[in-house]
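Okay, so chain A shows up in both of these, paired with chain B first and chain C after.
And now, the complex of A and B:
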């Protein structure tokens, strides 16, 4: 092993970025409860205790370029057992947010950009979405007890607005039916929207607060425009 | 058929921390209405193990890590002997369906909580 491999260049240490944020990682007592409780400990040598200590030491670039923050699912088990109340999942999300956007792994950034531009992660056009929704509604209407079933789209003054997960208009249209059938049976006055119906918000995963704000803002806008007081947002 | 239930991190630990209420009891009440025979996983509720599909893990492309992450979840399910797992989360549902074959559980039924409710409804004409 190269003995210089783990030498830290003091010029690269950056305390500022993490110190200014309220994660309290400076109070870590290095007890290791986080690592013991973490279901991801050991994957690619991931160790939440080390991650917290690296943040405390100011090893910003090493953390931002590491796979660790993306192997962690921010499940919160570490935080639940931490005796010092350190906000480890928030710290992880913040590290993710510091990565250059073109280096965000997988399809996350592509999905966010499509959502901002088109209203949903897959870029499904409005007419295709309406066709799929009405097609699924027709299938439901063929089942006993659901005769005449229709999907209410952009219904002003409805009691309940619900958002939709993009995979349910793509590969899992069967799974659109369960909630819609429950609404029918419960005689709920519900609706979906023809635009900006996306319920997922991948900025939550990539540490992108701006996109989260835009996605949530669109739902608020729907509720104001359609005068709806209740929201079901299962994503 | 014996069923079991998985608490998603976001509706439980994280909701409790962010909004002051974790949804532990509500889904269990629904399960009691729909099923005669279901058991909890161990550990459960606030100590529940993440399925490994959350936080965007299904979309990062780090699939080897994601599948390895899910082993503990699959071991939990196996230990109950359940043939069906109920989940109220899109990410957990996707992850469990995706990894079950990796752990010799391809016949495990993975159901949304609302799917269970829709399946159990008897409409009065």
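And now, the complex of A and C:
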């Protein structure tokens, strides 16, 4: 093996893209606490210390094309133990955001696109959603102590707005009941919305700030329109 | 020529050396030490000689204590707290003696409060070892997690390493370096300088006396100082396992043993390894009270909290106040001693100059 083939010419490196980030990766002392603490280190050879060093060296293409930023679970333990206060999850998220959108792994990008277009990650139509919500409410009403239970939809002036995880509408409707029964028992004045009810925001995971802004903006819109002051965002 | 009086604050290796060197120059010294004993941290350190002397400097302390105790020009005040300091050309101090102490009192006066005046002051107030309870290593939670300073004392007193839990010899020891050093969250951006060599020396000492012991040192990068370090390091690498990673978690397992988790960047996988004893190489940090003292003496501290000494070779800028030893930053025993001696000469120069002016 020619040892020189692995030598990086520091003069040819463009540090620009990472240097401007406020994540302090330049302060890394290479102690390795991040990698030691990481629950995902070793998966696909993932080594957070190396990821931080690669950012320090400005190895943009290598990082953007690497699986590593997507192996990270964003748990933040690395950041907690890092003696230099490097914001490693933020750095990881930023690297994810640099990847071309059609190369975002798994269903993440599809979900985001569906959410932007239809209001939820699964593209569930409005009529279907209302049907499911009322069906779940009817089931609750059959239980003792919940007689007459109704789901308040688009209720103006309610005290609390709650968003919904798409999975709870699709396959886990039982999980909707727990929340709703608690609201009922607590005599909460609550509501859900018939449009744009999605609580997940996968742009958070893919480094897509624009979609995060749109998703959060919709919730703000609901609260303004329905004059609701409190939000429960069970994500 | 009137005889000068110099106050030395702190009876560690730097203060002892400064006091002794000044005394040899026929200058009267008042040596004030807060604790009942002279020698400071280093007095509790172990000699680390293996096949030959490893130049750790631990033996210098006893020799210095003896010389200082026997010198007629040095007045020793142990168990003494500095109460008031004022300045009017000379420095005026009030010292409070907390009880009587027969062991080290050579010429201490009987009164509990003593007023002293001095022409110059040396701050040799030393350091505080970082207290690692907040780091994720279970210090003071698990019996067999100790600091490097505690290991020093253990080796000095017992000759061998023993587990605090059952006083038996450990089969496997891990050292974790840089605990509290190079840490921006603690505002400790410095390297404590001595811990790499100290850990390697203690590891080799244990290997020599307890050859069956397996020793691992977790490090960031080995900071070696001194002209023969490379040689020593090469020898140490032969019988000590060196792993370039700092573990992030510790768990107690059966028999008070300790499981460390780290990522091995060569095997590219997370490793769990069980040890009998874990030694934390803790940072050298500035003393809180040193800042207060520096303020009252009119000298500056660095942002780190260590004390700024006067400009090199320009004793006039000192205003009569000098700094020696680890009060100014991390130093080894021999460096502290050397700085103590150098400071004595600086003080002498300062006094000479001032006497000409009077």
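Throughout what follows, the second predicted complex is superposed on the first by the 223 of 235 C-alpha atoms of A that agree within 3 Å, B and C clash if a C-alpha of one lies under 4 Å from a C-alpha of the other, contacts with A are read in each partner's own complex, and residues count from 1 in each chain.
The rule is simple: a residue touches a chain if its C-beta (ideal position, glycine included) is under 8 Å from a C-beta of that chain, and two chains touch if they have at least 3 such contacts.
Keep in mind that this is a model prediction, so the values were computed, not measured.
With both structures placed on the common chain, the touch criterion links A:84 to chain C but leaves chain B unconnected. Residue by residue along chain A, chain B and chain C are tallied for touches, and B comes out ahead. Contacts of A:67 after superposition on the shared chain: chain B is touched, whereas chain C is not. In the superposition on chain A, contact of A:27 is made with chain C only, not with chain B.
By the touch criterion defined above, A:56 lies against neither chain B nor chain C after alignment on the C-alpha atoms of chain A.
In the superposition on chain A, A:36 makes contact with chain C only, not with chain B. Contacts of A:108 after superposition on the shared chain: chain B is touched, whereas chain C is not.
The contact surfaces that chain B and chain C form on chain A in the two complexes overlap at residues 77. Interface residues of chain B, counted against chain A in their complex, comprise 9, 13-14, 17, 46-47, 49-50, 52-57, 59-62, 65, 68-69, 72-73, 88, 90, 94, 112, 114-115, 117-118, 121, 123, 125. Against chain C, the residues of chain A that register as touching in their complex are 27, 29-38, 41-42, 45, 47, 49-50, 77, 81-85. Put simply, chain C touches chain A in their complex at residues 136, 178, 182-186, 220-221, 244-249, 261-263, 265, 268-270.
Those residues of chain A that touch chain B in the shared complex are 39-40, 43-44, 67, 70-77, 79-80, 89, 105-108, 111, 144-146, 165, 167, 175, 177-179, 181-182, 185, 200, 202, 204-206, 234-235.
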